[in-house]
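Supplied in structure tokens, the structure appears directly below.
Which chain is which? They are A, B, C and D, in the order written, and residues in each are numbered from 1.
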Amino acid sequence: MPPTASSSSSSRHRALGLTDDEYELILERLGREPNGVELAMLSLMWSEHCAYKHSRKLLRRLPTDGPHLLMGPGENAGAVDVGNGLAVAFKVESHNHPSAVEPFQGAATGVGGILRDVFAVGARPIAVLDSLRFGEPAESARSRYLLERVVAGIGHYGNSIGVPTVGGEIYFERSYEQNCLVNAMCLGIAPHARLTRAAAAGPGNVLVLLGALTGRDGIGGASVLASAELGEGDEAKRPSVQIGDPFAEKKLLECCLELLDRELLVSLQDLGAAGLTSSASEMASKGGVGLDIDVSRVPLREEDMEPFEIMVSESQERMLCVVEPERVGAVIDVCEKWETLATPIGCVTDSGQVRVLDHGVAVGELAVEVLVDDCPLYDLDPAPPENPAALYPPVDARLSGAESPAEILLELLRSPNIASRRPVFEQYDPIVQSRTVRRPDAADAAVLMLGDGGAIGVSIDGSGRRVACDPRAGAAEAVYECSANLACVGAEPLGLTNCLNFGNPEKPHVAWQLTEAVDGMAEACEALGVPVVGGNVSLYNEAPTGPIFPTPVVGMVGALPSAERAGQLGFAAPGDAIALVGYFEHSLVGSELAKLRGEAPTGSLPGLDGTLLRDLHAAVRDAVRSGAVSSCHDIAEGGLTVALAECCLAGDLGASVELAAAGEPGLFGEAPGCAFVVSGPAERLEAAGLPRLHVIGQVGGDSLSLTAGNLELNLAVSDMRVARDGGLAKLV
Amino acid sequence: MRARVLVRPKQGILDPQGQAVERALPALGFAGVSHVHVGRLIELDVEDPDQLPDMCERLLANPLIEDYEIVDADAAVGS
Amino acid sequence: MRARVLVRPKQGILDPQGQAVERALPALGFAGVSHVHVGRLIELDVEDPDQLPDMCERLLANPLIEDYEIVDADAAVGS
Amino acid sequence: MKFGVIRFPGSCDEVDALDAAARIGEAVILWHRDRDLQGVDAVIVPGGFSYGDYLRVGAIARFAPVMEEVAEFARAGGLVLGICNGFQVLCEARLLPGALLPNTSLRFVCRQVSVEVARAGTPFTGACAVGQHLSIPVKHTSGRFYAPEPELDRLDSGGQVLLRYAPGENPNGSLRDIAGVCNETGNVFGLMPHPEHAVDRLTGSTDGLKIFESMRAHAADRVLV
């Protein structure tokens, strides 16, 4: 098509983030120029955030089916069967860019958004987890500020709405200095019958908007922000910050669940990025119908809003539902009870179009197909970095290499990546709803009772530094580590969700990281037989200095037959034997010790045999469930020595351990997902059928003493506690 | 100088506190109240009042979501 | 009338928010600041200003811990 | 023994309180707009963030229709237990002395703390011994108990302080380590720790049951008298 579009419209589409080719495609599909309302809607629906332009093809590589699967990717949250007619729905989502702009509100609304995704499918949220990444706190006041405000924001929303924050993870690396990561995961439970899909259906049915008034929040906000690199000019994007109101969401949540329990709704959908535009398009697309929306009926917080503003507003705490006409009255009654606004704003049609009306007059009309399906999907152009060591310059060394094992251990325990997370998790309420059997610090995964005697375990993991070394193995490791964490509490994996946080995918080395990571994740999921039930992608996390560490964050949910038998990580009783279990390959690549010694994140990680690991995790899980082991902990950051120290600290007991000469890689090398430290009565441990079990010591006393060939250390538990407790406490 | 800094949610930004108060007042029998906004009041002695705008921008207010106003407390009179 | 209600912690009650601000300011390079107190600002349109004291006593402030002051916003002038 | 647990918009721990009370007796939810207390023997004003905690903790909830009935019930000697946000609401409603100010840390804190029984033999601590330590979690942003000095003296001498944080355990800067106080007549009690979150070994401790058991014993005695 010749470049006939007027210059004004061509500059308009560029300002809205559409490429010239994309705009040409729109002209072709529409056979005309879009008006302002339509262009605003299209630019958002065709943004990276909504259309997954650079990731959708890759995501097809992830296995999405499994024996327990009830709802896979494509719905607001995925869901798995946990028995007794109960389903667990869960999803992880990023709110990285909004949190970089306004950390408190950004993080708070991130939690609000993921909660809505979960109750949109009819599940009552029962837990939140958060996965956070910041720059080096010791060198960056901004990172400390972001940490403080993000944690406060997550706590503010989760605590106020009465959903426990039961776990999470935090890492500090320089590559996140300009692009912090704030990923939040939510889990909910529902009777199978209440699980709800978003597909609109039944021409003539009424479209009802629930919840908050619509204001100018986030206009040109999240969707556009999430699709462009945050540069020097991020000040300009500021006026559209969304403010979270957990009180409004609490009422909305109770209201929606009551509406579903009373079977008053045909379908339900949250309003997130791109507001009404995205919700309406998705609902229409999934149901193969059209929708008419009259923006003049949308209740506004500010009187003079334009139709396009109403269509793209990202005001929080709103939901959209489809209701049969004769039930609208009943819906409004339930909403009135919960002091939640309910406004019919349109209807389902068989036109296949999203029609926007203003006082009955059409102001925009777009085929659902064009909005949802026609955005081009791009192939990536992956190539490994030419000089991997230059990609992520190391931080200054804090250890020279001359230190004793005891000095190394204390420095590791003080490291912000390993130190006690108590200063953070004490700001969260992990116990509301009375389900939490394992709180933070008590075990490798959180454990929640379901009320029918059963329980679930949940863990969230993803070490960007290891993925930076070796994207394929590192991403697989994140999956294995989650599974290992579940094994530690006796839980069998049912499904996983993930958030892919990466740099600019148009750059070949980032495309390579992304491709490798997705492949690694897919391989691990296949090996474990765990389906991906959903997730989220956050790209363009890139500063002038380069991309963030490639950071796939994995959240995994598993089932336990009984909460009574949930595993713990602390040593339980003096006299218990301590054993090393599994496949522990000694290597310092990607380890915290390597970082403290100022080494760049390069080198390949041990390739893991997924089948062996699946059997290993099954054996560990069985040993936890049968009570053969009294404590169980996987060997992750800081290696075996830190794992032993953590078991001592959690149980407030000492230990004496003797290892074959293994050198520093044996003491401080990391093996996430591959190896465990367990304890229990010796004869029970040895009879438990655990692969590669080596008894290495005994629980007792009030210090950790360890010898390995010519290396040895002896530290009082109380000294280790001071080191570990102080690491973060002085930063937050 | 004794200064007062009044910090309020920016126009157009959601103010859940203001909404909550506005809804509560009629229930208490107070009619005819509208446009309620809840913000912060900071009172302080400053040696150099010229520093106040900068203090507000950097610490006392969050310019992204809040407006502020600086008042001379000694000059201000209550009604 | 557009009214402003200034609510501040009663004298003698520990005000950790005020202290936090007072501690943070020097770190940002602002010297010579003291006696910082952080309270609440409520702005509202009222048809009947005579109701204001009662509103303050019953809802907007807690007289056990807070003092309040009612200001006519239209009359008030910033510095 | 029938407990009634109030549900305000924004209550979060009302189901936890309901389940905890149901371990001891019958328990029902009381809706904030209803004026019918359904013949309960005790009212629990639960934790959470009633009305979002906006303006000032507990300030708006105390005007809910059900609270008028609760005030009446309390005046008639009925047992009223306020937990965390419920404590804040009862202080705002002047059913309890003092006020709860923001924690000195200015942060939300959730922590298992040890509280010491300062006075036993009351309707809420009948099942405890003086000096006994209970392990119960706190979780709040505004839990710093405050009352003017003369009032604090009166509370102390009048035996209205029922629970104190054990030495070194005060999580919020409460004056005189006060964790829970009752009214002059002893039938209204508020505390910041959450006894309803300490009723099951699996999720923590069972020390909180003592509070509910004390209430049941008291109610049973009243019926006998």
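One rule holds in what follows: contacts are C-beta pairs under 8 Å (C-beta built on N, C-alpha and C of every residue); 3 or more make two chains touch, one makes a residue touch a chain.
In this text, all values refer to a predicted model and were calculated from it rather than measured experimentally.
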What chain pair shows the greatest number of contacts?
B-C
Can you work out the whole-Å distance between the CA centroids of chain B and chain C?
8
How many angstrom lie between the CA centroids of chain A and chain D, rounded to a whole number?
36
Gap in Å, rounded to a whole number, between the CA centres of chain D and chain B:
33
Mean-CA-position distance for chain C and chain A (Å):
40
Residue list for chain B, restricted to those that touch at least two other chains:
16, 20-21, 24, 28, 38
Mind pulling the residue numbers of chain A that touch at least two other chains?
245, 247-248
Sites on chain D at which at least two other chains make contact
51-52, 54-55, 60, 63
Chain adjacency by touch: line, ring, star, complete or other shape?
other
Applying the document's contact rule, which stretches of chain D touch chain C when the two form their complex?
55-56, 59-60, 63, 92, 98-99, 101-106, 144, 146-148, 173
Given the complex, residues on chain B that touch chain D span 16-17, 20-21, 24, 27-28, 38
In the complex, go through chain A and note every residue touching chain D.
152, 155-156, 159-162, 245-248, 250-251, 338-339, 425-437, 449, 563-564
Help me check something: in the complex, which residues belonging to chain B touch chain C?
2-4, 6-8, 21-22, 24-25, 28, 30-49, 51, 54-55, 58-60, 69-72, 75-76, 78-79
So in the complex, which bits of chain A are touching chain B?
101-102, 105, 212, 215-217, 238-239, 241-243, 245, 247-248, 301-302, 315-316
